[in-house]
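What follows is a pair of complexes built around subunit A, which joins subunit B in one and subunit C in the other.
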Partner chain A sequence: MPRYLAGRVAQALLVLWAAYTVTFIILNVLPSDPITLQLSAGGADVSQLTPAQLHDLKAHYGLDDPIVVQYFHHLWRALHFDFGMSLTQNVSVGSLITDKLPSTIALTAVAIGVVLVLGLGIAFLATYVQWRPARVLLARLPAVGVSLPQFFVGLLLIQVFSFSLTWLPATGTHGWRSLVLPAITLGLPPSAMLAQLLTRSLNDTWREPYITTARAKGLSRWTIQVRHALRNASLPALTLLGVLVGYTVVNAVVVETVFSRNGIGQLAQQAVLGQDVPVVQAIVLIAAALFVVVNLLVDLLYSLLDPRVARAGRAA
Partner chain B sequence: MSTEAAPLDGPVTPADTSPIVELAGLSVGYHQRGRTTLAVEEVDLAIAPGETVAVVGESGSGKTTTANAILGLLPSSGVITAGRIRIAGTDVTGAPDRVLRTFRGNVIGLVPQDPMVGLNPTMRIGGQIAEVVRRRGVDKRLVGAEVIEALERAGVDQPAVRARQYPNALSGGLRQRVLIAIAIAGHPRLIVADEPTSALDVTVQRRILDHLGGLVAETGASLLIITHDLGVAADRADRVVVMQRGRIVEQGEPAAILLRPREPYTRHLIAAAPALSHAGGVVPHFTDVTPAPEVLRLDGIGKDFRLPRTAGGERTFRALDDVTLSVRAGQTLGLVGESGSGKTTALRIAMGLEKPTQGRVHLDGVDITDAGWSQLRPLRRRFQLVHQNPYSSLDPRFTVAQTIAEPLVSFRVGDRASRAARVRELLDQVALPAAFADRKPAELSGGQRQRVAIARALALEPELVFLDEPVSALDVSVQEQILTLLLRLQADLGVGYLFISHDLAVVAQLAHHVAVLRGGRIVESGPAETILTAPAEEHTRELLGAVPGQRFAAELAAAPAAASHQTRQKGSGR
Partner chain C sequence: MPDKILSPKSDRGPDLVAAPEQRAAEARAAAPAAGAPPITPVAVATDLAAAGGAAASTVTAAPAPEPAPAPAVGDAGVDGENRRRRDDLFAAAGPLLRRPGFVLAALFVAFVIVSGLLPSLFTSYKPSATSPTDKLKGPSLDHLFGTDELGRDLFSRVLHGSTLTIKATGGAVLIAIVAGLAIGVVAGFFGGWVDSVLMRIIDILLAIPMLLMALVIVTALGFGLLPIAIAVGVTITPTFARTTRAEVLRVKEQPYVEAARTGGASWGRVLARHILPNSWGPVSVLAVLDFGTAVLTISSLSFLGFGTPPPAAEWGTLISNGRNFLITSPWLSLLPGLFVGLVVFSLNHIARTLEEMQR
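The block that comes next holds the complex of A and B.
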């Protein structure tokens, strides 16, 4: 197991490095004149600057070094969680991120909670309940959830719960009450996807011969569902869950805009529009890190749930 | 051990003389698209305490549906349309799952069909047995000990270690023993064994059935064996029930069924069981073997596999050790061995799919050991393969005609018209109607699929066909039809076979020469007659002894009446 773990962690680090390098190349090498681009993004009018001023500014942003030196310089600093200064706002990228990250983490964490509870719950009930109409209804429900666009769900929830019922605030970043509607909006489509996959997987598992063995033991449907079916059926769903977490983080941009929440999503949107390269780079790196960590967790969980995977992992 | 204390070990109370299970006029159907198709019709069957009953029939005879009805495990489309089911005196006909459940495990235990898929892969063996033990209300602290005891009684070695393992660490035979442990752990009064050993080697099959029989005798429980093999049924049961198309056609004591069968269908089943049709013995079909030139020769083949790294374990595994075999033109070499004996490795090396560590492979005198893929490809026209499992070896989206013509297309033989003609000719050779050309595999039975696979193998007119357990996934009577077909094709086309099997009774029907493989080494080889009638090695004798259907060998041999009255039911099979 430690060998397997070390291998997976090394892989994760490699992915992070690749993500950093690719964004660096895209943002710094590909545009025709990155210096002008970055300086004008900083609010300076390049045409009115004297060559000496230009030189000073370049030196200030570290743009006069050869690109390879810049790369290693940035990489070294990134390793120490130092992403430099924002070009549009006169603060460090680090402080911008630490400022906005908590609210986004809270939002995605609650949304993932919604995904787990709704996805698992609907799939569990859709395969457990024996009354046919309820079974059919529960099995069809996810299709509706998948087909609703996220911004529409958000606006609908605001309309009903904020404007009509005035139970919850429509906007803002303060307190748990402001978290409820955005988290549901963010969690609804992925939980429908999870429910869809898990329902099918559970139905397939119920047809496995070992379920017949379990039934022949005289176990109740509940025991069979919880102890035999769920664990085996959750294996394919786990892989999807890893993807869905990434999806949730990406969609935080949309949801934070709809609910005017002050978070990383909003920051990312502003940074891209303002061509604030250091901020974009830091956000990409954070998203990549999150993705890598979640997938690592999924793989570890997989080997924990399925002894066959753990063996294969050890043998490889 | 606490065997004496177990409730099922005291079957002497008066109430216990009444049947444990009683089916009266039972009819079971399956709902599909608004129609109900009957799978079981008017079945009357009672199983007394301590009795062993075997239900024999081919696929589609309703034997498994009957077993499922007893356990209340019919699929949701299954309905009881008439008759009653009584378990231990209680009428459970149409009872809800909640009621039926109370009988499962504790009154009726199940040993399911396929041990490879019958256990939950993500749960330890011990946990899976403990569930049944706990159903009896056993004190928490004693569950662990009872689990070990159940494993021990099912004949599992190192029960304490096994209990902590997951199913994937166990062989098929061991998994079947674990399933038996699960069945007996509930101390049931009846064990239903649904084709308990069809997926296993003959030797393992015999050991498992012996053990199950011993357990039943020891505990006084009843046993219901569901099987397609009359030989297995006759060897084990007090009473044999023959089913065909959902109905019981004949029942009685095994000796009576075998020696004085009344129904043509029963005679058909006797004729189909390899050992039964030869008065309970394994009789080679070819006794006079004429010399023929060698087509394929494996010379001193050795094969090592690298093992995954384990603490202090061996780094390599010797799958084959100094194996020499030869297949002669127009004749059959039967390669016999248990699973793990190296049969499949030998086949893969002979086909050039695997390179041997030592030794040479010759095809028609040409050394092909080091031939690469491109050098081997033209040779592939000359040897073809028929797989074990006809359910997975045909592409489900190809029609029969496309499947059979595929090798012709692949080797660019002929044009569209000549290929179509060849497909018709091949279908005729394997005795399938020409109309089958447009069907998909899903519309065919197992036997028909295997015929298609044979036709595909013959398309390029090979000199040699590799037959990898071609009948072990099929019903006994279908087995016999396929073997007859293979014999006829060999006589007509002069094709050589390398026939791989674990069953000497099947090999006896086809082979001119036999080689017995064990642990990667040839223990014995020679003409079929010598090996099968006068084996020199203990292992060969063990394999011969494991062939089912030998319980009444002496009586069958003394009364050749049954055999001579055999009326082969031409056209009744598939």
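The block that comes next holds the complex of A and C.
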């Protein structure tokens, strides 16, 4: 187990480093003129500058070093949680992010709750209910959820629950009431994905021999579903849940824009719009870190629930 | 003789144990020499090369409830080949046409594509023609989707938005297919360290969530149709590469590949005529599925404001503009939103049906 743990942690760190490097290459090497891009994002009109001013500006932003030196410089600073200054707002990227991170974390946490309740609930009912029309309807429902664009769902919820029924606020970041609609919007597509997977694996589990044994012992459908089927079917769903958490964090970009919530997602949208490279780079690193940490936890949980995984890892 | 017949619900079960000669007789027209079987995207034909690669015969994968009518034997030649292709296509289309959901979805997608390429056939309004007296009118027979704040017909604007979205989606999927096939074939075919390096890169790209990756690329390339298409294309490439690699690995071990090699065909020829055509099935289903994902991501990106500059407007831009009038004129954002949802749902439904048929 400790060796498995060490291996997984090392792998997670490697992925994190690779994600940072890939985004650094895309942002700093891919543009035909990355220096002009970053300087004009900072509000400087490059064509109006004298060569001497240009040189000073480049030196100010650290853009005059060779790209490899810049890379190691940025990587070293990122390791110390220093992401430099934002090009469009005159504050450090770190303070921008620590300002906005709590509201996004709260939003995604509630959204994951929605995913668990909806995803589990639909899959549970779709395989438990015996009335055929309801079964078919519940099995088909997720396909709709996966296809609906989040901005459409968000606007529809605002129209119905904020403007027509006036139950909940349409926008804003204050209080739990402003969290309800965005969390549902954010959680809907992932919960549909979870429901799809879990329905399939529950259906498969119901065909296993140990279910036949349980039925032969005279256990009720409910007991079998809760104590036997769900436990075994939830293992693959756990892996998917790790992936879904990462996507939920990223889709906050769209949802926070729809609901005008002051969070990391909205910051990302503004940073891309202003081509604020340091902010984009930092947000990618944070999202990747969340993604990696959650998946690491899922993997460890998985190996606790199913010890064969860690043993197979050692044998390989 | 080991082989794999992709034939769900087939009543050809006994074929698997029948003698090769018998099977060859039952198989449809016998192609001369070791020609590659005809492949249609819907009906994946797997060829059963007789030992030594003397004659390759085909069994269609059409999941027809009854065996397809046996075609005339002995018309091997260009004419017979063409007729057989046509028969394959009909045999595959039959069960599909019997699914009303599939037909509806396919018709809707066809409508969106045709109306996107030729919007003037379906609407007499110009997307940029303003009419101050008609502003913010609700949906009616005159204006199917109502009018916007400048009195422009929203239905016409949605159809003209389709043109842009179709271009971007087509471009993105094309990038993904070309790059994904290339990476997947190289990795699967050469194996060894080439495979390891390419797959580790793919793993890293998969570890970065799709929308995030697209945002990074858009930041680097700027805004507009082409950057969005490239961004989405790059983000869906890894799944293509993975699927292609898995298929190439599977097909590479098939007996007919070995047979063709023994028969003296070069690796290049085997790759082009046997491995690629037989790997194409699952990859093409993924392509349809990724059309849906691409449409969704492209409209998300244009909703966020990274699309073509006004007055041209993609679906996402229209929805984002309509947001400002959500209280008074909800149709301005909700109808285009519903339209996008229907397109994605139809594409996903088509992909899922095709996937079921292939199993």
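Assume the second predicted complex is superposed on the first by the 307 of 316 C-alpha atoms of A that agree within 3 Å, B and C clash if a C-alpha of one lies under 4 Å from a C-alpha of the other, contacts with A are read in each partner's own complex, and residues count from 1 in each chain.
Following the convention adopted for this analysis, a contact is a pair of C-beta atoms (placed from the backbone, for glycine too) under 8 Å apart; a residue touches a chain by one contact, two chains touch by 3 or more.
A quick note: this is a predicted structure, and the numbers were derived from the prediction, not measured.
Number of subunit A residues touched is higher for C, counting subunit B against subunit C.
Listing the residues of subunit B that touch subunit A in their complex gives 71, 73, 97, 101-106, 108-110, 112-114, 117-123, 128, 131-132, 135, 166, 168, 179, 182-183, 186, 308-309.
Only residues 203-205, 207-212, 215-222, 292, 296, 299-300, 303-306, 316, 319-320, 323, 326-327, 330, 333-334, 337-338, 340-341, 344-345, 348-349, 352 of subunit C touch subunit A when the two sit together in their complex.
Partner subunit B is touched in their complex by these residues of subunit A: 208-210, 212-221, 223, 227-228, 231-232, 305-308, 311, 314-315.
Within the complex, the subunit A residues that touch subunit C are 15, 18-19, 22-23, 26-27, 30-31, 34, 37, 143-144, 146-152, 155-156, 158-159, 163, 246-247, 249-251, 253-254, 257-258, 268-269, 271-273, 275, 277, 280, 283-284, 287-288, 291-292.
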